[in-house]
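What follows is a short report on a single structure.
Labels run A, B, C, D, E and F following the written order; every chain starts at residue 1.
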Amino acid sequence: MGKIALCPGTYDPVTEGHRDIIRRCCSVFDTVIVAVSENPKKEPLYSLKKRIEFLSKSLTDFKNIEIITFKGLLIDTARKKNAMVIVKGLRAISDFEYELQMAQMNKKLAPEIETFFLVSNPKYAYLSSSAVKEVAGFGGCIKGLIPEEIENDMINSFKNNIFK
Amino acid sequence: MGKIALCPGTYDPVTEGHRDIIRRCCSVFDTVIVAVSENPKKEPLYSLKKRIEFLSKSLTDFKNIEIITFKGLLIDTARKKNAMVIVKGLRAISDFEYELQMAQMNKKLAPEIETFFLVSNPKYAYLSSSAVKEVAGFGGCIKGLIPEEIENDMINSFKNNIFK
Amino acid sequence: MGKIALCPGTYDPVTEGHRDIIRRCCSVFDTVIVAVSENPKKEPLYSLKKRIEFLSKSLTDFKNIEIITFKGLLIDTARKKNAMVIVKGLRAISDFEYELQMAQMNKKLAPEIETFFLVSNPKYAYLSSSAVKEVAGFGGCIKGLIPEEIENDMINSFKNNIFK
Amino acid sequence: MGKIALCPGTYDPVTEGHRDIIRRCCSVFDTVIVAVSENPKKEPLYSLKKRIEFLSKSLTDFKNIEIITFKGLLIDTARKKNAMVIVKGLRAISDFEYELQMAQMNKKLAPEIETFFLVSNPKYAYLSSSAVKEVAGFGGCIKGLIPEEIENDMINSFKNNIFK
Amino acid sequence: MGKIALCPGTYDPVTEGHRDIIRRCCSVFDTVIVAVSENPKKEPLYSLKKRIEFLSKSLTDFKNIEIITFKGLLIDTARKKNAMVIVKGLRAISDFEYELQMAQMNKKLAPEIETFFLVSNPKYAYLSSSAVKEVAGFGGCIKGLIPEEIENDMINSFKNNIFK
Amino acid sequence: MGKIALCPGTYDPVTEGHRDIIRRCCSVFDTVIVAVSENPKKEPLYSLKKRIEFLSKSLTDFKNIEIITFKGLLIDTARKKNAMVIVKGLRAISDFEYELQMAQMNKKLAPEIETFFLVSNPKYAYLSSSAVKEVAGFGGCIKGLIPEEIENDMINSFKNNIFK
């Protein structure tokens, strides 16, 4: 079965920054599980179904991945999927603070699971799902910000105001 | 009457991190006033009554404390209670930035009152009321995160969905 | 026409910190455009009309400014107004992180426009529109926090609960 | 004897920022011990004798202080002087990180002693002994950066290149 | 051969914080190479020989590790040893900034190698080799700061002033 | 004469990051003065002559620049050259803290001069003169890190160990 890593996120929608982190995980671990949060508190713009569809289209070239959804504690999902490692991308200080606290909390709840941090590629350092949505919402150009495979889908979703 | 310190917070609910800060204040000051914010903007999960009940149960061993509620400007409460010092715990950078601005604003409004910062015990560095609530909400183990005295109460409140 | 700089913000309401940044821009650039965001997501307390009125009263001494409103992408407004530079004030780390990401995103969308950062005057380092509103809302003294010209207006708006 | 606080530092030389922190300690604690580090690793510009002389001249109005020198572990000095609290001024993030680590190390070595942090007055936020020395070294104006009482002494020390 | 990770450092000397990171790497990767820097610029207190001796004594229970020395670019060593991953422990913001820049530089020089960050166990968050040396140099108690196996060695080295 | 900006630095040596900042200044201001610090405390690797030679070769395409050297207070040079603005590039938090303090100190010493900060292009975010020197010193590839025009010069300087 090999070494399994978990890449959790809301992916609302997946950005080129997310894809870069997932790609790099795929080159290190035997299996990479992309875990999409169902947590309704975050009030995502895109439906769970749409977010998974976007991920699937964007990750077709990746052979050793599995896309799942999860709710509840992340470490429960990690345990169920035999993932020994949770991988998170880091962009900035504010990310770092929050992620560090989550990593320490998860370490307390599940000492056998490690959280590894990967630093974003500098060219995606300014990218976030919310920034992309803001640009798209104002009709700005999102080329290069999200995977090419979902560019038209995203533009259409804003044109027609349909996010499900 | 001696030297009086004020420990303000929402305490929604009190964590082991809060209790550690209060305990250390009690060893330095003659009287420690634990001031629970009524500020409705924060939309606390637990009612004011419940938050005070949790604090009372958790702080029974502390002889030189008083638990009060407050609304309005913190410095008005500090003045009314003759507190010369406001004490805040610091966990992380993001805390630091916000608390620093509050301290400087309070210094401008009430130059005679000092804000002192205490660094969290490293073992509680990842702890926050919201993290505890998230773990409890998903049925995770909260042992060691909050005072033992309120553990069952908190588990029951989530089981029965009653927070008042 | 000379060199044109854009000072964007919600200005809800303008503070002495904002005015300090605008004043310093006026001494460097030929024209300074104060651009008030109409973005409804921020849910400002004061109406757009009131925010512009407060700015007008506060900036009467500044000869080379123009006050406008904008919606949509900031860089579209900058282009339309021939502004080569966007100027932002920086107070703290958390500002810095967010503003840095915005600046890099705007640079990608409009490579010909530069974002310049000015460090707040230390005496206004703790000031923000929301802190001022909190103090005013609790009846605290706002003298020196906002331009003198709008002090009475702001106190009255809270007394009568009218922000339009 | 009352409550005793320790204000450690190299004080090379004392600045208005230092004096502000010491003044505020004096209003809270019964006795404030200003502890000047002899640690030769820091390679201070001014001799220990000169640094104490500068402090004495600057703190004549403070009735409840004592100036001492120390070497070795800070907590050993705190214990010997019955200080229950170490007080440090905080200016910025980089300060914060280092001081936080020192505070946690000291807490491990001496659990009965607390470290309290005070936020610098914004108007001294940019001040440090090394910045002052750089300005003075280049003949810049140091008025308002250091206590008025030592201004001439400091200017003369640079004029004559005598720091002992 | 399996997946190989590299844990570089000066290890002057190895602390409990270092050992915690190495232990956690050993549970994730098939082989962990502990790479001790010979870089003379850092001017380590302990000789390279002594630092390796301390590491060997401290890591006897770890079966899948190899201790090596390196000079020159870290990525050249990683490539020579077939390590696909460099692992670094993170304690604080200042670490983060420096390590982030190193990781991005290494990514540019060797795109096929990933740098993973692990967050320190909170109980070692205040620990660094230099802090330990400062405490030991002043005769303070270093119990629990460094691996038990080298405690006496380290105390003796300071007693006899022999670090080779 | 128009609007004049000053870009101070040690430029030991100039990197692609420096050149990016200078290029962007040239598009905003009428004249950009690149001011190379003679401050011997920094102990630059390259001689002042060599650093200026590298800058000259790298900036031949820039028509509105002047390269000068300076010692003493930066604001004295700014005043002498009629520069109303000092421009600094910002890469990271640690930069930010230090530069913010310098900007505030300079504002106190020369209230009529503004310091503007420009955020580095993300692709140069990991770049610094010292990182480049470390890579070059170990024989690593510096292509794309420094201006193409000085690549061979820099490689030769390390090969022959001549930096004057």
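Observations on the structure shown:
Here is the rule we use: contacts are C-beta pairs under 8 Å (C-beta built on N, C-alpha and C of every residue); 3 or more make two chains touch, one makes a residue touch a chain.
Because the structure is predicted, anything quoted here is derived from the model rather than measured.
Common neighbours of subunit B and subunit F, by the contact definition above: A, C, D, E.
One of A-E, B-C or C-D repeats the interface of E-F: more than half of the contact pairs, counted by residue number, are shared by B-C. Here the CA centre of subunit D is 34 Å from the CA centre of subunit F. Centre-to-centre, using mean CA coordinates, subunit B is 38 Å away from subunit E.
The centroid of the Cα atoms in subunit B and the matching centroid in subunit D are 31 Å apart.
Of all residues in subunit E, those touching 2 or more other chains are 93-94, 100, 103-104, 122, 125-126, listed in ascending order. Checking each pair of chains for touch leaves A-B, A-C, A-E, A-F, B-C, B-D, B-E, C-D, C-F, D-E, D-F, E-F.
Against subunit D, in their complex, subunit C makes its touches with residues 93, 122-123, 125-126.
Of all residues in subunit D, those touching subunit E in their complex are 72-73, 75-76, 93-94, 97-98, 100-105, 108-109. Those residues of subunit D that touch subunit F in the shared complex are 91-94, 125-128, 131, 135, 138-141, 144.
Those residues of subunit D that touch subunit B in the complex are listed here as 3, 24, 27-28, 84-85, 90, 93, 96, 100, 103-104, 107, 112, 114-119, 121-122.
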